[in-house]
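Beneath this line is the structure, given in structure tokens, with notes to follow.
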């Protein structure tokens, strides 16, 4: 009887429960819908401005003649520099932290430091790049300065993801290798890295795609918006980049430039999404092949 | 085995008194001592896992380490090739001699040591590479590059581990495609490829079916003419079948050591008797 | 005989052995250097910000900087009160949180408590894609898509306004909240849920009364990390919110955030070494301290949560 009375005191309990579920489901639909709206909006607006000419033209004051060639090439150079610098350093740091450093205050310090660096806004890295690379090291507003700055931005992400991949290698592999008289480096090189490689590569690709979309640090370091040439000398020449070009076009009051921005975004997103797809394929193909 | 209360009363204060010496082990004691532990204490951080272990391992014999789980037998085994070095915050006191030389003295080359003291693990752990590369890995890291030499080593070791006939035609297949028993024999072949003197086996058959277990046991019997083998097992029958000398560990102490026949027919300690007759453990 | 030779090698440190030790030692040093780069980065950030800021504070008192209510370093008469920039940053962070927190938490709860695995497998990668869209793209959307809508709904709104920035930033930080909160919600032990169900609770009672409170600290950490992202968010707010530093709580006016100010100065031709140039370091330092504190607290909470469940 008491049980019955109790459930009667909350006649709407079931209804409320259903309502809550529907609300949460609605939130989910909304978050996914936003993505679709974003993509639809950009593609429908920018599609008509997209042409081969658009990709291979220099930027111009006249919207009809404008293109993204210098920005595209600038972005490629930047990603190149970033990859060359951040991948070896990041993977090296991850190997050090996972395989060499014993648990100690020192390792905790480095680990906490990396976690915090991952949360520092990218524009602060821009200020570091401006003070350190552009001014102190006299690299000017060059591709090298921009690339080094972006390297620092993505370094924590590369380290953290590479650490995770190394940690996922079963310790039995390490033990078996050491028990055969392999040195630490032989174990890392012959056993751990091959197994961890797909995971590390996935992290690297995702970090580089983040670097590709970064504009804030480049603005501070001094990427130029109207560059009618591709950088010849990476150490001295001015450069532009895709996100910078998009930023600049969006800033213009004329609608025509906005359409160019949309077209530029399509190019950027196509590159980003193909990089992401590559990362997903890597994860799918090699991630599950090895069974323990 | 679950059993009644009185046992803990007797076992809480293990006594170690000059084990093997008092026993009738003429045949064993005549052999050269390959490995000798002298008063070994081992610590994980502040926890002492081994208390004053002194044990001699005769050459070309199989020595079985038995005892309930957590008794320190695996820890002791891993002291013999310094695998415990890989675990942070561990410490060892005492001496472990290999051919009369202390392997814990300063300047010891751990890498060289591990080539001479091979190890086979509880769970087969082949590298995710081909069968050939698994066996060739040890010689490769030791600096052997000539394909002909490697081929010869791989064939010899696979034959020694009784796997050659089964894998002869698919040496380039992934080692992970082998069955559990085959994988474990591959791990033994891999350990043999560095040409060790001593082979440590940590419950090598515990994860295998009876048929594979029998194959491994036969293999151990074959191998002992060329190698000194120390095997950890929780399976008393296995210890009785394969070993010449048996050491019984309990709560980090070496309770008793002696020739296997003696130990199983006429144990000197009450605790040993209780354990091997299955009253606890 | 070969046995004795082998034993000697064990102790010897000569020849090949020695070379190998040297090689391993060098590698160790190189890898250590890689890890040290991360420390140098932090030290570099702090040093660069501090050195230029100290120069700045020679000319402008810290008191004036922190309490002044007017910010106009690029115009005469110059004023160096950071409060208007602070206010702009606060507006964007608060506004975007108002959007992202309920939607994010709702999505996280749906994914962890209600959604079948198939739905989760579809939604999570989509949210990853959302998280991967560059900030400048959101800025474009705010200007071209969101701002006109707001203008239509609220005719009094300015072309550049905080509201459009809040909306796009809200959706930018949404994936952070969803993925972290979902992880914590899912790590709440099954036994806890079952205990509540066994007492006759509805799914709502269990979720809101048991699961969410158990995961609360982790959820709070995800909020903090998301807010830190909103505070440091640059391109979208620069494009959407305008460049008018002012003390206001209205979402429909043009404002300026700390990050947007840094971009504004960087885009101009302010010569190095001038007071105007140094303002970006002072503002950058403020921004850094702000986001760092949020991150440190969030990391601390997350570490405690991890310890609890491991």
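Note that the chains take the letters A, B and C in the order they are written out, and that residue 1 is the start of every chain.
Heads up, the rule we're going with is that a contact is a pair of C-beta atoms (placed from the backbone, for glycine too) under 8 Å apart; a residue touches a chain by one contact, two chains touch by 3 or more.
Note that the structure is predicted; figures quoted are calculated from it, not measured.
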Chain whose averaged C-alpha position falls nearest the assembly-wide average: A
Label of the chain whose CA centroid is most distant from the centroid of chain A: B
Centre-to-centre distance between chain B and chain A (centres being mean Cα positions), rounded to whole Å: 49
Rounded Å distance, chain A centre to chain C centre (Cα mean): 14
Where chain B and chain C are represented by their mean Cα positions, the distance between them in whole Å: 52
Residues of chain A whose C-beta touches two or more other chains: 183
Multi-chain contact residues (two or more partners), chain C: 20
Multi-partner residues of chain B (each touching 2 or more other chains): 111-113
Footprint of chain A on chain B - complex, ascending: 81, 83, 86, 88-89, 111-115, 118-119, 121, 123, 125-129, 137-138, 140-142, 176, 187, 190-191, 193-194
Complex contacts: residues of chain A adjacent to chain C: 3, 7, 13-14, 16-17, 20-21, 23-28, 30-32, 34-35, 38, 41-42, 45, 88-93, 95-97, 100-101, 109-110, 112-117, 119-128, 130-132, 135, 152, 155-156, 159, 183-185, 206, 209-210, 212-216, 219-220, 222, 243, 246-247, 250-251, 258, 261-262, 265, 268-269, 272-273, 276, 280
Residues on chain C engaged by chain A in the complex (per definition of touch): 20, 23-24, 27-28, 30-35, 37-39, 41-42, 44-45, 48-49, 51-52, 102-107, 109-111, 113-115, 119, 123, 125-130, 132-137, 139-141, 143-145, 171, 174, 178, 200, 202-205, 207-208, 225, 228-229, 231-235, 238-239, 259, 262-263, 266-267, 272, 280-281, 284, 287-288, 291-292, 294-296, 298-299
Complex interface listing, chain A residues touching chain B: 102-103, 170, 172-183, 186, 190-191, 194-195, 290-291
